[in-house]
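Below are structures written as structure tokens.
Here come two complexes built around chain A, the first alongside chain B, the second alongside chain C.
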Partner chain A sequence: MQMQAETNLMSDADMAEEIVIETQDVNVFYGDNHALRGVSLDIPKHQVMALIGPSGCGKSTYLRCLNRMNDTVEGCRVVGKILLDGIDIYGPQVDEVLLRARVGMVFQKPNPFPKSIYDNVAYGPRIHGLAANKDELDEIVLSSLEKAGLLKEVQDRLHSSGTGLSGGQQQRLCIARALAVRPEIILMDEPCSALDPIATAKVEELIDELKENYTIIIVTHSMQQAARVSQRTAFFHLGEIVETGPTEQIFTSPIDERTQGYITGRFG
Partner chain B sequence: MTDLSNKTGGTGWNSDHFRKNLARRKRSEKRFQRIGLGAILTALTLLAILMFSIFSKGYTAFIQTSISLDVTFNEAIIDKDGTRDPEALRHANYTKLVQESLRARFPDVEGRSNLRALFGLLSNDASDTLRDMVMANPELIGQTLSVELLAGDDVDMLNKGYIDRDLAEDNRRVKDKELVWIDSLKEEGQIVTHFNSGFFTNGDSREPEKAGIAGAMVGSFYTLLITMLLSFPIGVMTAIYLEEFAPRNKFNDLIEVNINNLAAVPSIVFGLLGLAIFLNVAHLPRSAPLVGGLTLALMTLPTIIIASRAAIRAVPDSIRQAALGLGASKQQAAFHHVLPLSMPGILTGTIIGLAQALGETAPLLMIGMVAFIADIPGGINDPATVMPVQIFLWADSPERAFVEKTSGAIMVLLAFLVLMNALAVFLRKKFERRW
Partner chain C sequence: MSFYPFLIALLLLSAAGYWFGSKKALGAVRQSTSFLTPRPHQFGLFVAIWALLPPLLLGVFWVVFQVMPLQLDAGTNQQIDRVFFPVLGLLAAAGGLFLAIRRIGPDLKVRKSIEAVVFGILILASIISILTTVGIVFSLLFETIQFFKKVPMSEFFFGLNWSPQTALRADQVGSSGAFGSIPLFTGTLLITFIAMCVAVPLGLLSAIYMTEYASDRFRSVVKPLLEILAGIPTVVYGFFAALTVGVFLRDTGSAIGIDIVSESALAAGFVMGMMIIPFVSSLSDDIIMAVPQSLRDGSYGLGATRSETVRKVILPAALPGIVGAVLLAVSRAIGETMIVVMAAGFAANLTANPLEAVTTVTVQIVGLLVGDQEFDSAKTLAAFALALVLFIVTLCLNVIALVVVRKYREKYD
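Moving on to the complex of A and B:
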């Protein structure tokens, strides 16, 4: 498996990056609805990959395959290979609960637990036993909030409710919560769609910093956002990947006319 | 726009057409509000009438008439050998002591039937009162004391104004000669009324003046305890399993339909089920809170399951996803997040279910909890009755004095129901604050 990933990497001459996630011919069915059709996509390490495409084209579905959240959807079936560091995440030796610790997720609508800010961030480390004692847990919580750029704003009210924050703060709290379990990959499904431009700018800034240490896959409906934060972009259409490549190339010289139509706003 | 102007003659939103339409809508709204208000007022009036009739009849149950008499603790009657042996003191003839006191108060009364009527002024509980006094303090022997003794139910009823003095003697439970004695006692200030603490500390009795609801309250307590201990955990676990873990398939749909149907099954059917299973197959003791609790648990389960499922379903999916997305297992998501968030709804449903069980009579009749039981039950296996059944029993008794007992017991039951509902509200508020 490792070998194969390596060779793929070599053959793709113009990118010297390491690939963390390799998707090979993935098909997803919701009952009879064939939502993803033969999707193959390589996701390079420590970069931001943007998924764009018209509504209902399967971006969220693809994202949910990567941490097996689709397992929780009634009637959903995933066929194909998804390799994380060369290991099939749908294989028998992978436990979906541990996988979700490695592959964190931030949702479209901020969804903090109705608990204190501290408990929100501490929940992941607690269930995975990441901290040996209270001091270590404090350390994890504070550093996660720091990384999510929220610490300064909430420092003096760590024990007040997480739902009492503004929408943008809530979303950064959710990011901090995901960071606290030390994931390698973070999936973000339209993380800014419920936020105002200022909060959006903050989250985008944060994404830019996070890519130093994390691999980020972000679904967005905003072309500008994709252009601003991502290094690579994949364009989905009707359950298929139409085109994928460096973000600049996709936005300046798309090969497929459907891509061109979408990014210029002619359809979608 | 052209359409609009055509229809309204070109004057737009200010036209007659719209103004009439608006007026009509406003009238309709007003009418609806008035009907709603009327419905509420009707309901409130009926409730007020019900409450008034219960309270006006029932409040006297909390008052008790006693007769204050000079009692001579005659050594010759109580302890003629002078040994002060507790056994001898216990078995002494205190009834004679009571009778002697009454005769001393009314020396003119002669003849068997007259004397029997005179002794009937006091409850036969009076001798027990004297025994308890002597047992507690043997020093009393030889002394003469003024003691308040429980009046018989007829005196009690007369004193509370339930017996009409103007009725012909034949139709009156208190005869003329008794009236004379009672009036004489009253003149001397020997008729006294107190708060009826016995109503809350005594078990049931054939004598209305001694009957209390303590036995029924304790019986209800044990029964509800069993009901709660069984139906709450089972109901909540079932609800969590069905909502969070069970796959959607025909089998689970069938379970769901059946649970909903069970909630609509008449309660007496559960009584028959309890009779058939717990008594005839499992041979558990008859009339016991254990069996009553088991039976009521069957009845309460569907209510709790349905309320809990609704509460669990009301927890937004985003919370589950947030937990699962962090690597929580399904069970952790359910128990760390979904269950605490749905707790207020679950508790409300549970308490309403238990309140229903508290007021339930029919299924308990089937398993023999309707017997006359004078003792206060000491455990879940003792014969017992419960409050609604006690009300049913008293309502069925011929004595006039049981009417106020019935209303009094209803008031106590209602008080418990109000308390339970208040508890539901309190718990809901308390848990909600933690969100």
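Moving on to the complex of A and C:
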């Protein structure tokens, strides 16, 4: 714990960046299972934060706290403070439905709705009333597809089914769908684990571009991916954060020996 | 020797076979040099099966043989039944048993033989059930053809009048019956429609509540309760419809100045709808549960509320399956008999007014066959024609529904 605090301090001082999400001593319980133990982590704005760690260590659980998706899991209890722009998202005045529009999410398995490509992307804008008319909606859909790097491939079949796309295209469709509600933060839970290397490269490229305008938190099992796309990395182990800091530092000179063991492939 | 002592003797024989077989196998297994030998009780089973099979085959052969028209006088026949068959049967059993025991040894593939017998039994069971269905269909078909020899098809399918009497004497007044089945089918449709108006919304909404809103604890308590509703015998629904709902509707009607007969289509359809609610809700429940969690996550992750998720993602995804479920429910309603017999009555009115009395196909089939009937009168045969049409309609509905449901299931696998 002490060491972690030190690295935090150091790097924060180094970079002097703006923090969008501040988590303080978060504990999560699934029934009696204590899945997250006292996790504290600051997430800087417009950067990519990678969460790594062995399976079952609570990365997905942490991610799902940030947009309160854990609320939909029965028996799940979240204790602690999670501040988004200084406001506690578990506070009484916060509407979790609106929160999820601000904090978008991309899942491990591409999960387009069984609707047309257009309707998939238009889903969020429609429920949130982001477009006043058909032209505005068209504009949102096209620009989201463009940002997700998918527009060229699907331009002439916007009204065919989203489930008919390839896996990589589906994942980018899901990213476009998330972008369409204009989130500030995008959570990605192993977004490439169901994709082949070429599709993965495309998504990684996309993540790199997106960080100009969005804050991205990505869970990954691939050390190389974390090294390629992220600026900061947090290493989870058994429900705790062992170490966090600039990605380069974590991968070249980790302080904790558990981190070292994991990134060199000795355990996990 | 009569039948039961024979049966007991046979069973004793095979039990003895089991015992001897196991016993002898125990010795054989001990001497065997190979690693994997069957267990002694499997040898016992093998012997027991061999003791039972020959008399069984003999019995089947015997039954078939007896059905054939043989010119034997009753005395001889009885003699054969009483003496010849049991003796032959026991001899066959003993022979099978003896052969089986002799074959016991390290080389006998006993597990394979038992497997073959199990296979045979399974095949036999499915063949019997299929043959029964085919037999029923053919008897329906045969009687229906008889019916259409007496009453023209055009009258049956297009006639608007249903009063199935046949003359006892040729000179009787009003002797010619009318066999126009249209009023029956419109009555069935009307009641089914009313039932669906009750069952589909209530069943579907409760399924949505159960799957999307209720906590696991609530679900585990309430779902079985709903299934109890499905277990109430339809005759209970029937008198509930006739004595409670029908009378209530009539009294309410007269209080506000509307004329409602106590055997109205509304009462019967309403109660039938109640009966079908659990059917619709448990089918829809399964179908909604089959919509992958990832779609819900996707929708919630975009900031949709629960009801938005239900309306815009879950129901559209589940729609084909739900349509299938509704079709199955319709076919259930069409075939339902007891409720309408008790609550809707026998008056064959051609009307679309739910406050009047109508009758259904099933009710008329009951009416035609109740009491003493000549088997070849047009009146009796009409029941078969109605039943055949009913059978074809529900069969088509079921097939369409199953195809729709299956197609939908495949989509997510």
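In the analysis below, the second predicted complex is superposed on the first by the 256 of 268 C-alpha atoms of A that agree within 3 Å, B and C clash if a C-alpha of one lies under 4 Å from a C-alpha of the other, contacts with A are read in each partner's own complex, and residues count from 1 in each chain.
Keep this in mind: a residue touches a chain if its C-beta (ideal position, glycine included) is under 8 Å from a C-beta of that chain, and two chains touch if they have at least 3 such contacts.
Keep in mind the model is a prediction, meaning the values are calculated, not measured.
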item	value
Superposed partners chain B and chain C on chain A - clash or fit	clash
Which of chain B and chain C A:His159 touches, first, second, both or neither	neither
Partner chain(s) touched by A:Arg266 [first = chain B, second = chain C, both, neither]	neither
Partner chain in contact with A:His34 - chain B first, chain C second, else both or neither	neither
Which superposed partner A:Arg77 touches (first chain B, second chain C, both, neither)	neither
Chain C collision site on chain B, chosen from 59-67, 77-85, 95-103 or 185-193, when both complexes are overlaid on chain A	59-67
Contacts on chain A seen with chain B and repeated with chain C across the two complexes	67, 69, 72, 74, 97-101, 104-105, 107, 109, 111-114, 123-124, 127-128, 174, 177-178, 181
In the complex with chain B, residue positions of chain A that touch it	67, 69, 72, 74, 97-101, 104-105, 107, 109, 111-114, 123-124, 127-128, 161, 163, 174, 177-178, 181
Residues of chain C touching chain A in the complex	215-216, 292, 294-305, 308, 312-313, 316-317, 411
Residue numbers on chain B that touch chain A, as the complex places them	247-248, 316, 318-330, 332, 336-337, 341, 434-435
Of all residues in chain A, those that touch chain C in their complex	67, 69, 72, 74, 97-101, 104-105, 107, 109, 111-115, 123-124, 127-128, 174, 177-178, 181
